[in-house]
Every structure is written in C-alpha cells, then in structure tokens.
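Heads up, the next two complexes both have subunit A, just with different partners, subunit B and then subunit C.
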Partner chain A sequence: MAEQQLPERQSPLEPEYHPGSHGNFEHGIDVILSETRPGSILQLAAWPGEEKRLIEIIRKVTGLTLPDGAGGGTSSGARAVFGFAPGKFTVVDEAEGLAAAFAGIITPAIGTLTDLSHGRTAIRIAGPKAEWVMAKFFAIDFALPAFPLGAGRSTNHHDIFAQIQRTGADQFDIYVFRSFARSFWKALCHASEEVGYEVQ
Partner chain B sequence: MSPRRTETGGRIDRLRTIRFTFDGAPYTGHAGDTLASALLASGVTLFGRSFKYHRPRGLLAAGVEEPNALVTVLRGEVREPNIPATMVEIYDGLVAVSQNRTPSLAWDIGALNQLGGKILSAGFYYKTFMGPVIGPLKGTRFWMFCEHFIRRAAGLGKAGTAPDPARYERMNAFCDVLVVGSGPAGLMAAKAAADQGVRVILADLEAHFGGSANWSGESIDGMPAADWAQRMAAQLAGNDNVRLLPRTTVWGYYDGNTLAALERVTDHKEVAAKGEPRQRYWAIRAGKVVLATGSFERPLVFPGNDRPGVMLAHAAERYVNEYGVLPGQRVALFTNNDSAYRSAVALKKAGAAVVAIIDVRSDVSNEMRRLASDAEAELLAGHAVVATEGGKALTGLKVQRFDAVSGSLSGDERSVHADSLLMSGGWSPTIHLASQAGAKAEWDSSRQAFLPPKPTQRWIGAGAFTGSFSTAEAIAEGRAAGLQAAGGAALSAPLPVVEAVPGDPDPAPVFEIRAKGKSFVDFQHDVTAEDVRLAHREGFVSVEHLKRYTTLGMATDQGKNSNVPGLAIMAEALGKPIPEVGTTRFRPPYTAVSIGSLAAERFGDLKPERLTPMHDWHIANGARMYSAGLWYRPMIYGLPGETVEQAYVREAKATRDSAGIVDVSTLGKIAVQGPDAAEFLDRVYTNMFSTLAVGKARYGLMLREDGLAFDDGTTWRLGEQDFLMTTTTANAGKVMQHLEYFLDVIWPELKVTVTSVTDEWAGAAIGGPNARAILASCVTGTAVDNATLPFMGIVHGRIAGVPVMICRLSFSGEMAFEVYSGAGYGTRVWEALIEAGKPFGLVTYGLEALGTMRIEKGHVTGAEIDGRTTARDLHLDWMLSKKKPFIGSAMMDREGLIAPDRLELVGLIALDNRALNGGGHIVEALDEVNPHDSLGHITACCYSPALGKYIALALVKGGRARHGTRAFVSDPLRNRFGPVEIVSNHFYDPDGSRMHG
Partner chain C sequence: MLITCPYCGPRDVIEFTYQGDGNRERPQPPSQDLDAWNAYVYDRLNPAGDHNEIWQHSGGCRAHLRVVRNTITHEILSTAFARGGHKSADNRAEGRS
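And now, the complex of A and B:
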C-alpha cells in the first residue's frame, strides 16, 4: 500500500481537555498538565538472554542508550525509552512510524514488537508540585534519588494500569490505557486543583 | 476579660478574637485556642454528659485523650460527632454542640439514669437484652420495645445523614526516618536524622510542634522550652530533606514499616482554599521509625473523680501555660507522684490560689515540700481524696488520712473548699503504635506502667515513650534515636541544657481510693471500679474478657486514661500482680479516623470510567448508555417515545432486514506473539490454532484447569508468529492473567509475549444482508467479495483514508464484518461506515439488540459460561480436540462433569406470548404457592423480532432430550408463571446460511 498522509488522531481527552489555568492558581501555577500525543508508542520485549541485543537495537534505531538496571530509561526531546518489566521496554517517538523502523530488525530470535501507538495515552505532569500530585495517585517513591531521571515504573492507580517515566527533574510522562485516559485525566486535574494547574 | 483568662502568657494571639457558638450560645476566644480552652476561659465547666449515667462532665484532659468533652462540629448540614473539644481549633463561625443530652446539657432528662444504680452496672446490655425469663412479660417483645429507648439513652454523638461535600485525599510518602511525636525527644530525633542527610518526616497530632515543651514551663538552652521548640521546628522546616506534618495523627503501624496517618488539613479553617482537602490520609513507608509519642497522665480512681472541675494536673498546667487559662481560682491537687508539684507551682504563678496538695505518700521529699511551700499550698501528705462536692461544677472535696501501703483510710473526713481539683496518678507511656507493631508491652514496677516492648519492626523509642519522663532524658534519647535511625555515629557535641523542676519519676503504687460512691475508671464509657470488680465476680478473669464485658478502654479514647487503673483494680481483685494480668493489645486506629479519608479521592467516584473511542459519538447520537463492568456501552439508540424493547426490536429487525452497526471496541484483545505463539494457543484453547492459516480467524474455546468452560472468542492469525486473540468484554482481564500465569509459571520455556491491545483498536461490527455492499462502497485497497474475504477471512484496506483490518465473522448470525482501526481513528471510520450505510438504511444498534440477535442464534456469553458449565453443557464439545492436550483436558471428563443430569443449554419459547425473565426457573409442573423441583434457569431472554415471540436461552436438566417438550417458567420473585416450549438453542438460521452468504 502506498504511503499516505494519515489524518490527525482523535484524543480521548478532548471533551475534558481545557487549556488554561485552573484550580487554586491565584497563588501560582505549580503543575502543568498536557497530553504529549506521541506518534509512536511501542512495546519491545526480549526473550530471556536477548535483552542486551534488544537494547543495542533500540540504541541503533532511536539513538537512545539504555542504562543498566531494572526500570532504567532515558529520553531525548523527541524520543524516550524505559524498561517497565524484565526484558520489556516502552519506546516512544514524537513521530509516527517508529514500528516500521524496528520491523525486521527485531527478529523472532530476539523478541517481539507490539505497536501501542493508539492504545496508550501519554499525559505529562510538570512543575514544582508534580511529585506531590503524583504521590496522591501512586504508591511509588518519586524522589529523584529513588526515581532517577529517565527511569520508568509500572504501577496502577486503582483500576488503571500506568507506566511512568521521569523525563525531567520535576516532570513525569504517564502512559495509561486509552479507554481509561479520560477518567484518569479528570482525576489528575481534580488532584491538581489544590496546587493550581495549567493545561497546555 | 473572661473570668478564667490570665493577664499574660500562653501562645494564643490575644489581638485576634475568634467568634463561635457552643450549643447555640455565642462565645469568643483567641486565635490559637482550642474549643476546650476557649470555653474554659469563658467560665464553662460543663462540657458533656456521660455515656450511661448522663452524669455532668467537665474537661479531664487538654489533649487527644480527653474522654468527657466530646462535641459534634457542624458545617452546614454535615455533622461530625465525638470530637474531643481539646482537639478542635476554633475559627470564626465554628458551630459546636454538646452530645448525649436531652433537652440540653444543663438539664438532661437522661440524668435520671443515675437513679438506676446497680441495674446499669457492667454487662448491663448483655443481661437485659436477653429479656425477662419469668413473669408476664416472658416471651413478649417488651425488651425489644425497651431496647429502642435504652439505645437512645446511652451513647455518644449522632452521625449525620447529609452527604459530606468535603474533599479527602490519600498521599503516599516514603522516608528514611519517620519521627512520630514532636516533643523534645521527637524534635531532637528529627534534627539528628536530618543532619545526617536522610529523608525525614516529622508528624505530630497537635497544631504546633513541641509537645510538652509548649507547656512545661521549663527552659532549654537558656530559653523558654516553647521558644526552643519553635526554633527547632523552624530549623527543620528549612531543610529540604524534612517534611513536617502538623495536625497529623499517626494512627496505625502495619507490617513492613508502613504507617497510616491522618492529617487534618482544613478542619481548623473557616473556609478551605480551592482544591484543598479537608483531611489527608497518609500511607507512610518508612525505613526506620522513631516513636517519641510521649506519655499520658493517669487519673486517680476515687469517689466523685468525674465531677466537673476535676482535671488531670498536667492538663491544668497546659491550659495555664499554653492557653493562658486557669481551670479554677481555688485549686487543690491530689497525687501519688512528684509531677503534680510542678503543676502546683505553675498554677500559683499564673494567679490561682493553691489551697492544698493531697499526696497519698506520707514520705514526701524535701524538694517536693519546698515546691508545695513555693506554691503556698498546704501539704496533706499521707492523705487521699474520698469525695468531691458540687453539681455542674466543683465546690469542694473531702480528704482523709490514707495508708498507701494498705490502702486503708482513717481518721475524720476533712473538707477542702476548692473549685478545681487536679489529680495525677502517674504516667503511662503512649505505647499504642509499638503495641500495634506487634509485640507485648512490659510492666515496669518502678514506673508502675507498661513500657514499650522490644521492637519487632524497625522502630526506636525515645523520651517519655520509653518511660524516661524528664526532658533532659528525652533530649538525649531523641538525639540518639535519630542518629541510630539515620545510621549516623554517636555525637560528642553537648546536648541542650535543660532547666527543670526536679522530681522522682516513680509514683506510689496507688491507683484507687476505696470509699463510698462511684469511682470512675473509664470516664468515657462510665465504667466504675465496682464494675471491674463485678466483672471479676462474674468470672471474667481474662483482661481481654474484662475489656469486652465492661467496655473498659473502648470507644474513641481507646483506654488512653483508663487502661492501667483498670488493670490494677482487676489485678487486685484477682490477687495477682499486674504483669500477670497483662494488658490488652492496642489496635489501630489510635484515634478516630474519618471514613472519607479512607475512601480518599474515590469518595463519590468509586470506579474509573472506561470509554470506547466512539463514546462521544454515541452520546451525541442519542444512545442510552449503561455500564458493563468498567465500560460504558450503548444500550439502545432510542427514538422519541420508544420503549427499550421497541428500540432493540427495531434495531435488530433493521439489521436482519438490511444492515446494522455496533461498537465492539470493548472486546478484549490480546496480542499473542513469538515463535511459540501457535503452540501456546494450542495449549490454551480446546481446539487447534497451529493449523490456522495467516489471514484467517478461528473461533476458540478455553477451559479452566478444572475442566469448566472459561471464555470464548475468535483469534486472528495476522502473521506466522503473530496472533490477535479476542475475548469476551467481561473476561478480558481474567484471560490476560490466565495467559500470563501459564507463561510465567507453567511454561516459561515458551517464547511468547502477550500484550493487552484492547485499547489499540476501535472495533465496529457491521452486519446484515447489505453489510458487504456498504463495506464495498467505502473500503479502498481491498475487495470484500466472497473470494477475497471468505467467512473467517481477514483483509487490510483503508476507510476514510486510514488503515483498517477487516475480519468476516458474525455474532448476529448475519453476513457480518468486524472493522478494526487504530483507536484514534475509531470515530472517523465509524462515521464513514455510517455515511456509507445511509443509502441502505444502516442502523446503529446497542447491546440490547446485540443480545437479542445472539439469543436468536443461540450463541453463548458469560451468562452461560458462568463458571459452572462445561463445553458439553453448552454443546461446544465439537471444539474439544482429541489430537492434543489443552488446559482443562485432564479434568473435563470427571464424573461430575459428564453426568447425565447436568444442566444443558436449550432454547425456550414463551407459549403465553409474555416476556420471560433472566433467572426464572423451569419446572415440569406449576405450583405457584410452593414452587419446587427446578429443572434449571433462564440465562438470557428477549423478544425475538425474527420469530415474533418471546424467547430465552436456559440451562435445563436433560437439555437436548427435552427439545419439543413443554415445561413451565416459575418465577415467584416476579410473579411470572406460564408455559414454555423447550427447543434447540439455535432459534434462527441454524444452518448458518445467512452468515456464510
């Protein structure tokens, strides 16, 4: 099939996505919420023993070098990668089509590639109170030494599974199932009211 | 100037006047006052009525242990009962009311209970609710009638019924060191730990850090202790590695050093800021915990010890030094230890006349004698209080000579005129959290108190909590504990220097003065010393039984005041030493916890909503939605005036006549990938998948390990090693867990990954005689004719410019196709299909029509795969491969699973042309009065537009053998009885000619 320009994807947050300042913002904005809408969200999995080969493939395709250790990760401006389970990685790119770049390189001998670009919604929380708001949702230690820059975590908020990557000292990208995204977004906005938040 | 407010002193802001009401009457106080201190300053002596006898009660304490002065705080329609007035910080507009009184606190009709005397003793309700066993009322419901009034007469505050609009939140916190309590020990511990660079949380239930330093009147490092505490707290606040949590009660100590705390964020504010929660529930995971929770002063047990005006000695000191309030003008003290002498000096300094210090000990030290002299108090050593006088306020007391060794009284009673009696029965370390953490308290005969046990979790004690009651010891232990918790080495730097009134920390072992009159042990539950002895006489010798029988130590104060005196009296009755009697294990919560804080952000929002990509379209186009698990799905797209039945009948009929479209995005979808994916599916499904060609789909059935049916769905082979499994909506999560379990635990050698891709795909099922024509008119890049897209075939193309994957399969029994697109394009593709369907009269249909058409076809869903049925019961035995083993194959032929009398799937037709109901029973003979002998039950029902009849699927004994026979539906719950015909579950197009086309 010839390559065609694809139309814009519909955001699951649309009716509840209200750019501007909200909550107790009169005293300042302490978190900024946004949907980052990456073009590609992939899940890569390596068979036991093949992790290093997969990490090398990720480096070659994305230019991102994964640090050693469980939950390690890194991000550049446009791309991000983090481990979320043993031998499993989430790879994100602003642009669409990253799956095609991996196809054929991740051979059956190494592991699998699953495209989740539509299935996961990426929500970013940034600002001095980002850790505070995140602590309302997740039983995770968000302090920088415990959750270093670039690292990823798999967790859940009640019924909502979430993968979280720290993409800045006070910035986190949260990946939730698309069907739950609006519900999670509403909860996140609600929890952010206390500190004053801006939707960008 | 209010009658009891001192001219100077205290940490209240005398320039700020706060206005509030108590029982409707206006009062004023100052910023920094509690409700208790403000009312006390205003001359109020009567704060509450007791639980059982409705005796007038005043303030006993100044902190969280207050048992008497419980109030209800009102905010609009919302009422929160049973809050100690000592813990309510006043704010402008505060509305508080007293409890357990009718019609008013001053004139309470319930006070007649005091005439009940012995009838209302321990175990009262256990005895009385058994009812009269003799006499004319035997066997009647008389006591049930009485119970109503008895329950109304006794008790605490009343819970409200208005919805609570407040916001509550949960916080998760992690730290290296959690310090509980911010007295001198806690502050030193927090500082020492913080200086080591570790992360520290310091929590205190009071509004201000400092604990006893705020009212002890001592000096530390040459400054008033309160100022020292303030300086320490300010230093801690400036540290990035310290989180300070004032107004935060750590109420639970759980395994793994997880502690629960409640922060009262806005309870002290007139108005909360936007988004600010009323309370926060903190779940704190701490590396180490420093317990610096201090100690409670114990009351002495003597007749009339509950009269308003009788107060704990340190509480009076606190009211004076912290709030600038005198508990009385003429003060007497009654003690078995040295600490009350300091209180006497503080009261004197604040302007009260200290008329007497009554000490049970005859050998009072010279230091204490000097303090008594400083307070200008008459010292009555070797004496005890044997009675108090007054009504709603104390007017005097009677004392007698007392032998602390024998406990005997002698000589004449002597009257002392006083409006305040301050008592001290020694101190009990606040070991609640240590007790919760899992070890047994240890009795210390010197301190006459239970000391904390050896830690079984990672905590370290410091200060009064360990029985070290002096501030100097607290400071030393606090620093050592903080360092130890943070892993630091001992410091040689000098400790802060404390200037304090000296005193022996060990009290005389005197807990009760036995004289005539009611002597209260547990003030909150009206348990007297005689009640404890009665329990002993009636055979309740275990301390746990004593607690439950007498209710000693129950309710909101959880024995903070009464625990040790109660045990001491019990021990004496048993003739055993206290350590042999033991103590009860403290349980969480330490103080009352609001249910709202536990619900936290789920308050009013119990579950998240799960929405399909086309959700907003459904709403905008008139769908009536209902929840299916967490999902929201269209039930019908009703037209004006249509009933639900009319709508689904219209939708189903239109689909069968021309075409219909339904959102099937909720179906569970799991990517099964890897070299062993086909092998894995062969093991998971009862039928073979390794033989499935790429580009084809197959219907599959899964069993549980026990051989019962588990789930069904189609699985599509997208590539040699790439399958897309679909599951039922309801079972998607369970199937995923099932697959992960087998891959992780049973067959880890298989190279297979499973990933939930439910949300990756939007799914639209379009079915009906014109479905193919509609598709053909809007799909590009592929044909959809029979040759290109045969039954169970898969093709890829585009609709509205976006890639789609189309599989030809049918749930409705019509020629049908499932069109999958990326979820972000779901609405676009859906709208394109709707547009393409317009010339064909395409209808949107909801779950009701979907269910109707599946019933007509006799397909099973979760209603039939209900965890009790087998593949054979559902006539799916043709799917049980004999060529391979699969999950459940070893167990599916068990005797009970192939028994001839099992329930089998059948169809039913209502012969009376009336609707059937799910759950209705099937019987051979009707007996409306005494329904019996059920053959089975209805699992799903509808009006079938295809048949023009009310039909149902049912699980019935005998199943197929009963086809063509008559039976009856028996549904006594809904009064539905009538004849039915049992038929095949395949009502409609049984040979599948319509869907095969």
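And now, the complex of A and C:
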C-alpha cells in the first residue's frame, strides 16, 4: 500500500510575503516579521467549573503549566499555550497532530476541543520596535509589566480579531483568521515601514 | 470611554457590543402572559442616571457582562460577568468589590 501523502499547506500570505529588508532600514532594522506556520493550533474550552481539570490536561499533554490569572500563558519554543477568554485556551505546537493527543482526554463533561490549525495564521513580530508597531495597531498596553512574558490577549484591529501572545521581551505572536491574514499582513508591513523591517 | 472587562482589563468601548437593557426579566418560554411579554419587549426604565446594561466584549474575550453605566456622564460604575448573576444599579456596591 502506498504511503499516505499529506498535502503541503499553503500560506495565505504567499503573494505578499517578500523576504528581505524593507521600508526605512538605512539606519537599521528595528522589526522582524515572519510567519511561524505551526502545525497545530487548537482552541480548548472548559465548561464552567471544569477549568482546573482542563488546565491539568493541558499540562499532561503538552508539558506546559499555565500560570494563574486571566490571560496567563507560557511557551517552550515548540509549544505555546495561553488563556484568551474565561475558561478558554489556545494551544499551539510546531508539529501537526496535537488535536489527536487531546482527543478522548477532553471528555464532553470537561469541555470542547476545536482544531483551528487550518483556520488561523500565526505571524511573529520581533525586535526593539515591536511594541511600538503593535501599539499602533491595538489599543492595549504592551509594556512588559502590563503584558508579561507568555501572557495572551484577545483584541482586534479594524474588526480583524487577533489573539496575541508575548513570546519574548520584544517578541509577539499574533493569531488571525486565515481569510483576513493577507490583509492584516500587508497592514503590518506598512506599519513597520517607518522603523525598517525585515521579512524572514 | 473605557469599560473594564473582568477578564481582559480596561478596553476601549469600540471592542464592546451593547446587548440591551439589563433590567428585563424574560418570561418563561411557555408563558402566555401577554402583559409580561409586552413588558419584556417594550417597557424600558430609560433613567437619567445609573442604568443596568448587558454588554458583550465581542472584540475580545467575547464574555457577556453586566455593566452599570451612568446615562448622563457615561461613567462605568461596575462590571461583572453576566454569568455571575443579577446585579442591579440599586445594589451596585456589591458589584464593585
């Protein structure tokens, strides 16, 4: 029997994805933009009162321990998790197949699992001016004390819903709807022009 | 105008959707009490002052909230998850904790 051939996933950003330096980069590149293309993006939701059981399941399956508090999160490089709403979490893995690891463990009594791997696009913005560019887009506080490392935020930019996780002191991962991703990406590139940006 | 979401913290009002008067009591679905249905659909207090409202943080965590807003000053006096139960403008001190 022939081996199963997985289709290659295409990026929605591709027609507008131009690696290299752009904008006002003569004085240096202050922002690096990239698409992280994780294999798995999941949304997990717990029924009211089942949050702790779900957090424990996330710890067992991914090895990531969610900190207490609204919007808490953590990342380990290949994997990331953060809360984006009461009892709801986004879990990301570089590898495909994370949904299968959760299936059967998140029982209907605990909550729900939704595989959004093909429905979201992950964009990373990093560099000394990442906070500056993000602050032009979203009306939330990006300063480190208000938006700690690993934490997640739900907000939107001109009706494009975005989940943002801080994955470094000057690095954010933005998850947007795949169908809006190219438009969002173009806007993000325009916003980064003034500081000089590189697409990797 | 900022509304402090109990989950997300203070956010611009543009992220929220007004879901209507928070004083309404919806009759039970099989109820045939026409006066009760009429009151639910049409009767509004329309106060000049503190007002119970239901809002949704539609551009954020999508939670439904009970908000007490002053209709004259637009001051947001309290916010809480709608799921947490009814909090009226009259006893809003409880909701401020």
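The working rule: the second predicted complex is superposed on the first by the 196 of 200 C-alpha atoms of A that agree within 3 Å, B and C clash if a C-alpha of one lies under 4 Å from a C-alpha of the other, contacts with A are read in each partner's own complex, and residues count from 1 in each chain.
One rule holds for everything that comes next: a residue touches a chain if its C-beta (ideal position, glycine included) is under 8 Å from a C-beta of that chain, and two chains touch if they have at least 3 such contacts.
Everything quoted here is computed from the prediction, not taken from an experiment.
Engineer: Determine, under the contact definition given at the top, whether A:85 touches first (subunit B), second (subunit C), both, or neither.
Structural biologist: Second partner only, subunit C.
Engineer: For A:140, using the defined touch cut-off, is the partner it touches subunit B, subunit C, both, or neither? Pick first, second, both or neither.
Structural biologist: A:140 contacts both subunit B and subunit C.
Engineer: In the overlay, answer first, second, both or neither for which of subunit B and subunit C A:194 touches.
Structural biologist: In the superposed model, A:194 contacts subunit B only, not subunit C.
Engineer: Spot which of subunit B and subunit C makes contact with more residues of subunit A, would you?
Structural biologist: Higher number of touched subunit A residues: B.
Engineer: Tell me the contact category for A:68 with respect to subunit B and subunit C: first, second, both or neither.
Structural biologist: Touch partners of A:68: none, neither subunit B nor subunit C.
Engineer: Give one of first, second, both or neither to describe whether A:116 is in contact with subunit B, with subunit C, with both, or with none.
Structural biologist: Touch status of A:116: first partner only.
Engineer: Identify the partner contact of A:180: answer first if only subunit B is touched, second if only subunit C is, both if each is, neither if none is.
Structural biologist: first
Engineer: Going by the contact rule set out at the top, does A:155 touch subunit B (first), subunit C (second), both, or neither?
Structural biologist: second
Engineer: Which subunit A residues contact subunit B in one complex and subunit C in the other?
Structural biologist: Shared contact residues on subunit A (touching subunit B in one complex, subunit C in the other): 88, 139-140, 159.
Engineer: Can you tell me which positions in subunit C touch subunit A when the two form their complex?
Structural biologist: 6-9, 11-12, 14-15, 59-63, 81, 83
Engineer: Taking the touch rule as given, give the residues of subunit A at its contact with subunit B in the complex, in rising order.
Structural biologist: 1, 4, 6-7, 9-12, 14-15, 23-24, 43, 45, 47, 88, 108-109, 111-112, 114-120, 135-136, 138-141, 143, 146, 158-160, 177-180, 182-184, 187, 190-196
Engineer: Per the contact definition, I'd like the list of subunit B residues that touch subunit A in the complex.
Structural biologist: Listed in rising order, the residues are 169-174, 199, 273-277, 283, 285, 601-602, 605, 607-613, 616, 630-631, 665, 671, 673-675, 721, 751, 753, 755-762, 781, 796, 798, 800-803, 822-828.
Engineer: Under the definition above, what is the set of subunit A residues touching subunit C in their complex?
Structural biologist: Listed in rising order, the residues are 48, 70-71, 84-86, 88, 139-140, 153-156, 159, 161.
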